[in-house]
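Worksheet: one structure, shown below.
We call the chains A, B, C and D, going by the order they appear; numbering starts again at 1 in every chain.
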Amino acid sequence: MTLDELKDLVAEFSQVRDWERFHTPKNLVMALMGEVGELAEIFQWLTPEESQAICSGDDERIKVEHEVADVFIYLLRLATVLDIDLATAVQGKLAVNDERYPVGLARGRATKYSELG
Amino acid sequence: MTLDELKDLVAEFSQVRDWERFHTPKNLVMALMGEVGELAEIFQWLTPEESQAICSGDDERIKVEHEVADVFIYLLRLATVLDIDLATAVQGKLAVNDERYPVGLARGRATKYSELG
Amino acid sequence: MTLDELKDLVAEFSQVRDWERFHTPKNLVMALMGEVGELAEIFQWLTPEESQAICSGDDERIKVEHEVADVFIYLLRLATVLDIDLATAVQGKLAVNDERYPVGLARGRATKYSELG
Amino acid sequence: MTLDELKDLVAEFSQVRDWERFHTPKNLVMALMGEVGELAEIFQWLTPEESQAICSGDDERIKVEHEVADVFIYLLRLATVLDIDLATAVQGKLAVNDERYPVGLARGRATKYSELG
């Protein structure tokens, strides 16, 4: 499925339930925070090694997939409501980051405020 | 661009900078939280109406697009590291939600713990 | 109870359960994220007016109090582990903010990145 | 300073700047999200050991103290606006947790959804 098809799938899910009235950008950002919080709760007490192994058990895998899906679903809704093309936005931000973190200077270094995106 | 192409683009960006060592699932979830927090800061004092109008000004639009891109970039990294297919995950979770929130019962109602995704 | 007494109460709760091993600053920040996410989920679909009325019902009041307590408990743990005096930290930050947001200039205005703290 | 005195200090800071209009519970939870996100950004790429050593450098210590203060300031505002006594809330939640995680069963074990608070 393409990003646009996923946006439509998620939009339709909301429309038939008459949920669009709740989907102001502000509310969607709060919902996004709720879901990222649920993702955090899965990993919070794990060591880095345990966090790598998280998807080796079936139950755990499903749980993590569901939470990642939740985050993505709200991101798709937010992008729809704000009329943002996610692919274009990613490419644009990576171009900005390419200048901000030139390979020669950024290689192997994570400053306290570095960001991938 | 497809989701897989976006995943590869973001993966390449990290690889050439030798950043992959920092990308344990745990760290990526924290980075996701940092970016959602930046998104929250844009909207926190706005009324629902002001939040709808956020993208009408050019500077604001770029800022919001960049933050949304940041969130998506880390989500793509997390999905790559956890070997999660985002499209499949979304469809799977919507199927679960379809049973959890049948149209007849869920229409127009937002419970305190309802979720779109 | 004073802040130090609350810190001790929360520390003792962890010690008798041998939970301190999990309480690296990093893990505690993730736990804080999880709890703020749960707080967000209570408010995410509410209008500003509904959010003001949230504590008028008993069940709702208890739920909100529990979530606020959860956030504070982890903040107390984090402050203990990082050896931060919360009262001193608040007063110090307000002094910084006083210069950053002088009353004459800041009055009634919420910039997109303004902060109370 | 007592918790009530800190609440008053933070309330006064907002009042003289006429900021109270922005402090609906919903907005304050979003602001809390923003600040916890900034705290996450400090720790996101650090190993558990590096996160323990974070306060050994002066600049780092000040930065962490400021972010912890920011989180606490918004929590104090939220507790004021929702008329929640933080000390009572913490004690109440620890009593609930004492039943949920009896020492005998909870000792040394961190379930994926365990919480201190």
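The criterion applied here is as follows: a residue touches a chain if its C-beta (ideal position, glycine included) is under 8 Å from a C-beta of that chain, and two chains touch if they have at least 3 such contacts.
Since we're looking at a predicted model, the values are computed, not measured.
Compared on C-beta pairs in contact, B-C and A-C come out with A-C as the pair having more. Where the sister copies chain A and chain D meet, the same residue numbers recur on both sides for over half of the interface positions.
A separation of 2 Å divides the Cα centre of chain A from that of chain B.
Spacing of chain A relative to chain C, judged by their CA centroids, is 24 angstrom. Contact with two or more other chains is made by residues 22, 26-27, 29-31, 33-37, 40-41, 43, 45, 48, 110, 115 of chain A. Viewed as a contact network, the protein chains are fully connected, with every chain touching every other.
Residue ranges of chain D in contact with chain C, taken from their complex: 1-3, 6, 9-10, 13-14, 16-19, 21-27, 29-36, 39-40, 43, 46, 48, 51-52, 54-55, 64-66, 68-79, 82-84, 86-87, 89-94, 96-98, 101, 103, 106-108, 110, 115-117.
By the touch rule above, chain D contacts chain B in their complex via residues 22, 27, 30-31, 33-38, 40-41, 43-45. On the side of chain C, the complex with chain B involves touching residues 26, 29-30, 33, 41-42, 45, 47-48, 60, 63, 110, 112-114.
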